[in-house]
Amino acid sequence: MSALMKAAVFVEPGRIELADKPIPDVGPNDALVRITTTTICGTDVHILKGEYPVAKGLTVGHEPVGVIEKLGSAVIGYEEGQRVVAGAICPSFTSYPSQDGFPSQDGAYLIPSGRCGCHGYKATAGWRFGNLIDGTQAEYVLVPDAQANLAPIPDGLTDEQVLMCPDIMSTGFKGAENAGIKIGDTVAIFAQGPIGLCATAGAKLRGATTIIAIDGNDHRLEIARQMGADVTLNFKNCDVVEEVMKLTGGRGVDASIEALGLQSTFESSLRVLKPGGTLSSLGVYSEDLTIPVDAFAAGLGDHRIVTALCPGGKERMRRLMNVIESGRVDLGPLVTHHFALDDIVEAYDLFANQRDGVLKVAIKPA
Amino acid sequence: MSALMKAAVFVEPGRIELADKPIPDVGPNDALVRITTTTICGTDVHILKGEYPVAKGLTVGHEPVGVIEKLGSAVIGYEEGQRVVAGAICPSFTSYPSQDGFPSQDGAYLIPSGRCGCHGYKATAGWRFGNLIDGTQAEYVLVPDAQANLAPIPDGLTDEQVLMCPDIMSTGFKGAENAGIKIGDTVAIFAQGPIGLCATAGAKLRGATTIIAIDGNDHRLEIARQMGADVTLNFKNCDVVEEVMKLTGGRGVDASIEALGLQSTFESSLRVLKPGGTLSSLGVYSEDLTIPVDAFAAGLGDHRIVTALCPGGKERMRRLMNVIESGRVDLGPLVTHHFALDDIVEAYDLFANQRDGVLKVAIKPA
Amino acid sequence: MSALMKAAVFVEPGRIELADKPIPDVGPNDALVRITTTTICGTDVHILKGEYPVAKGLTVGHEPVGVIEKLGSAVIGYEEGQRVVAGAICPSFTSYPSQDGFPSQDGAYLIPSGRCGCHGYKATAGWRFGNLIDGTQAEYVLVPDAQANLAPIPDGLTDEQVLMCPDIMSTGFKGAENAGIKIGDTVAIFAQGPIGLCATAGAKLRGATTIIAIDGNDHRLEIARQMGADVTLNFKNCDVVEEVMKLTGGRGVDASIEALGLQSTFESSLRVLKPGGTLSSLGVYSEDLTIPVDAFAAGLGDHRIVTALCPGGKERMRRLMNVIESGRVDLGPLVTHHFALDDIVEAYDLFANQRDGVLKVAIKPA
Amino acid sequence: MSALMKAAVFVEPGRIELADKPIPDVGPNDALVRITTTTICGTDVHILKGEYPVAKGLTVGHEPVGVIEKLGSAVIGYEEGQRVVAGAICPSFTSYPSQDGFPSQDGAYLIPSGRCGCHGYKATAGWRFGNLIDGTQAEYVLVPDAQANLAPIPDGLTDEQVLMCPDIMSTGFKGAENAGIKIGDTVAIFAQGPIGLCATAGAKLRGATTIIAIDGNDHRLEIARQMGADVTLNFKNCDVVEEVMKLTGGRGVDASIEALGLQSTFESSLRVLKPGGTLSSLGVYSEDLTIPVDAFAAGLGDHRIVTALCPGGKERMRRLMNVIESGRVDLGPLVTHHFALDDIVEAYDLFANQRDGVLKVAIKPA
């Protein structure tokens, strides 16, 4: 196929620009998806700034909502023309790490398994779109291991309604799932950006009944209440650790969710934890972390620190879309701005600078 | 490929016979494996007797040990000539049920997923060899979804040493895993055929420290001791339920494993259970089961009844072969007889009639 | 203390009547609670009818809401005059079964532990009020192991709001917890009496997004929708199993909850289950159960059947009251009638005959 | 009771000495135990050095093996004269944290629960002997909450055989339990002091089949092999992280267990971990810890870090003694020296300076 498409590519640090690229060929296990809506993620901003390295010329973006244009010969049970999403993380599901329970860490295609004893584990290697292969901020994207990753969109749901499923919602919910929440738990969630807001919604879905949302932005705290927060704390107005301990009568929270990636939020997440509690970490850290020995009870506090990479796969997507369809969670308030793909440089500028109360932008090729 | 191979096929109830069949073609996700050793399972005897229906002309057998003859174009990380096993159950791992945690129930290739809302679940449909597709009692077998299912055999292990991995060992160990064993548990295992013996070995591996093995055959009970049983009971010589309750001081066992498939063993497994205990069921039942209301504490005993189908996939096989390689478990005593593929009718006769103290037979094509 | 109190006692099958009994003495680990509100449970009706045997003269009832009148010498951290609830199940929490994870099966006070090897397990023996010791349908009740069982009522909650915590809510929620619900699950709940309605509310709290509630009473199905049901089915108007399979596109439900105690509901709960699904059973069965071999996939379906007895203890009560306080669940619609303790015979008559749309009755001594 | 007993008391940093103290009175929930054997723990050395503060005059030691001298009035099911152990950690089991699943963090007796909203959580407060109340290096010890904590010693086991149950064995095994080991796992254990050796034995009991034990002392590595290690690495002779990665073909281990309490062992435990792996931490840290961002995959590696405090209670002790009785684990090689209580100052000197290949010392009052 020699036809061309528009795609947002990483040129060099500071420059992501539209370019013409060939529409990719479809192998037996692939699917070509025509993008109808995608979005920009905080990670893309790190790529833009050169803080997270990707190959020059790579198409960026990892959140595909679209229509099946062409199916590989070995992919069954789908039809061309069907509306689908795929996760930001596209595991093969056939590798050793996938079968071992960690599809997001699935580096099967990077490191051949076999006699050598290598088993294909590579941290975060399940994340391919806009990282290892061309991504979704384009007119078309090639979905690898399509049989495992194409998830049909239920009739009646709009692109905007499912746009958070591939990454933000899957990540935020995983934070709540990893927190081991039980009915009646008290949970504190540090930072209420898009992922933190989804973690708040997820904590409510799992049965937490005292949800404390923390941020420095009152508007985000207001949306946190819509997502399920019972109490909101603006860290600019109070000592958050002290306040949470007071709210829990000195007991601490059953679980805390870190949704930013800084030492300060990580540390506060630990300090508010009851002995026996779980710190569920979602942030992407750029520096070494310190665990204060007192907050850690010298290692004797039955604490758990759990990290996660966004789960992908068609079953995960099916479940998340079911949550939307059920009306349990409405992520509508998260999509604050719309742009055409042609204007994506402008969209990056707005999003990277967090102007105009932006939470998430919807990008449409056509 | 129009070359022919020998294969044991189901002709009609009472007749499994050798026949010539074409060596199969290899699709992009397949691998052709030349069988070096296989075995006969109790399930094959049900097929032979017509108690479990399969298509006439199907090659039977589901336990492949062999050498890669030819790889599909999309299968990477293996070499032709490599020694491999594959599980009796060959899931795709890409389907909804696989991603949902139940690869053995993976009916993806039977029921197309998609708009229709069907999700490909079909009980036991992960079992393909000798059930839905041609099996392993042949010179060659075609392994579907080969990327997920081919497991290289570690150097230094013989075919006989890994012959139990595809089914018997995987099933028996799953019985122990499903029992939720904790260190210091007391576990009773009902029936000490090959699967029960592997369940006994598995219970020891998980930390049970009082293992009670039950059978009617003293020779099997002797082997049970080699596998880890601390106490053996011959049900012909005692009231097993009474004896187990006496051994546990009236407390009951933490878990029981049913490894036969009869009402009597199922019921005894329940009667010896402590309130809060788990009944891990491995048997293939051919009739409705009765749960006696008293043994079930009227439904108020915090009991769990858990069933399983043999887990497959290359990661499972890798782990089981690691167990063998470590010397923790020696399943050597289970392979009691050897036959050439040419003599498989004779092997069936011996095995089906449980003559000569047979536990498992090794079948070799060449 | 020789003062007298009024108490509803079991006289003989068919007769529960008010009688004068001495107010009990308080041992070092006890607390005397003045009942302000209690209720009648379906189990009490079985006692009334002589279907569940208790000692003649025993005070019945197991749902205490009241005020601490007197504390044992070894009970610390409470004050006389404090408003409290205690669970219907009052475990010691110190016994072997409690420490083993099964406090509801805590028979420590029945079977001395020690040299004999007995470990104090006895199914359902954690249930003491109105079963093994005098119960709560009285002016006062003696709470054993008070340190473990007294749960202070948060200011601002009325007796009626917490009246379901000791039994119905704890049981129904346990049904949802045992179902192993994941975000996005489809769950079917068979029977929408008070326990089934609480199971419906519990399934929603755990993240099920397609909840199918089943009953034969349209009024109860209407309340089921208030509790979180997405779909309701009246078994008088349809073939429930067929309908559920249709609703799930042939897949079956992730979990089903049985909340009645009949063969028919148990069997339907199994028939609608996906391979890999969990049947969470709450019913009290009075007859042997049959597991149909086809619905059970011959034992190869990776099915789980899990039973439960209502969890008790002050931490459980604290959590349930937190759920009420958070406004996540409103069980107000369940308390349909009010009676004075003096009129309890009349209350039994109404409740036992399910007249006047009764769900639960509140009984007040004063 | 005004009789006197000998006890080893903390006088001031650098001085633990024998003193005469009154034999304690027995309250309703207590038991007085005559110590027949106890031991010295590494924690006691920290107390001796003044690194861990306790009250002056406190009797030290937390590992009781002895005979019931006198039972409190409310303690049932035991007999005076019975041989018992109790855990180093003596939870009440009735408190909020105990019922919440964290008995070792049970501060119920420190912080009254009730109206104030305090719930009695205090990190490590389940550890009372030789920390908050008089300990076991004495002729007698008072066991609080005796109903929950007295565990009868099975006939036929010597004091020496069960001497590790109260602390070292319970802690080491918990490290293996927290590691989430599955059959066929590869596990690395950093440091092979008494706790590390028990963690090695525990990893084997849970089904790990490649156990890599690491220490700087060849004698301890030799004992590690007796406990179940398949491979031993002396960190003085190799780069341990590099070696483990080589041994696992670049994959990393499924779980690592940290059994020392230093930054270096903590960090190496993280560096050898596969994405998705668990770091089970047992060490008592005296300084802040650093998590290197690369070893942590920037927080995206699906890693888990889990800490633990030694589990106590009679059920735990019963299970550990069952392990010993079964012959699965022989901790005999750990008791290298014997002392009379009269010579305990000398015992401290030997143990604190790790002279003469000492692993653990047995101390006998009579």
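We call the chains A, B, C and D, going by the order they appear; numbering starts again at 1 in every chain.
Criterion: a contact is a pair of C-beta atoms (placed from the backbone, for glycine too) under 8 Å apart; a residue touches a chain by one contact, two chains touch by 3 or more.
Predicted model, so just to flag it, every value in this text is computed and none were measured.
Colleague: Write down the chain pair in A-B, A-C or B-D that repeats the interface of C-D; the criterion is over half of the contact pairs matching by residue number.
Modeller: A-B
Colleague: Please state whether A-B or B-C has more C-beta contact pairs across its interface.
Modeller: Answer to which pair has more contacts is B-C.
Colleague: What's the distance between the Cα centroids of subunit B and subunit C, rounded to whole Å?
Modeller: 41
Colleague: At least two other chains touched by the same residue of subunit D: list those residues.
Modeller: In subunit D, residues 96, 100, 119, 318 touch at least two other chains, as defined above.
Colleague: Mind pulling up the subunit C residues that touch subunit A in the complex?
Modeller: Listed in rising order, the residues of subunit C that touch subunit A are 173, 177, 182-185, 202, 205-207, 209-210, 230, 318-320, 322-323, 325-326, 328.
Colleague: How about subunit B: which of its residues touch subunit A in the complex?
Modeller: Residues 27-29, 73-74, 76-79, 82, 92-96, 98-100, 103, 108-109, 112-115, 119-120, 145, 147-148, 152, 313-316, 318 of subunit B touch subunit A in their complex.
Colleague: Can you tell me which positions in subunit D touch subunit A when the two form their complex?
Modeller: 96-97, 100-102, 104-105, 111, 116-119, 121-124, 248-252, 261, 274-276, 281-293, 296-309
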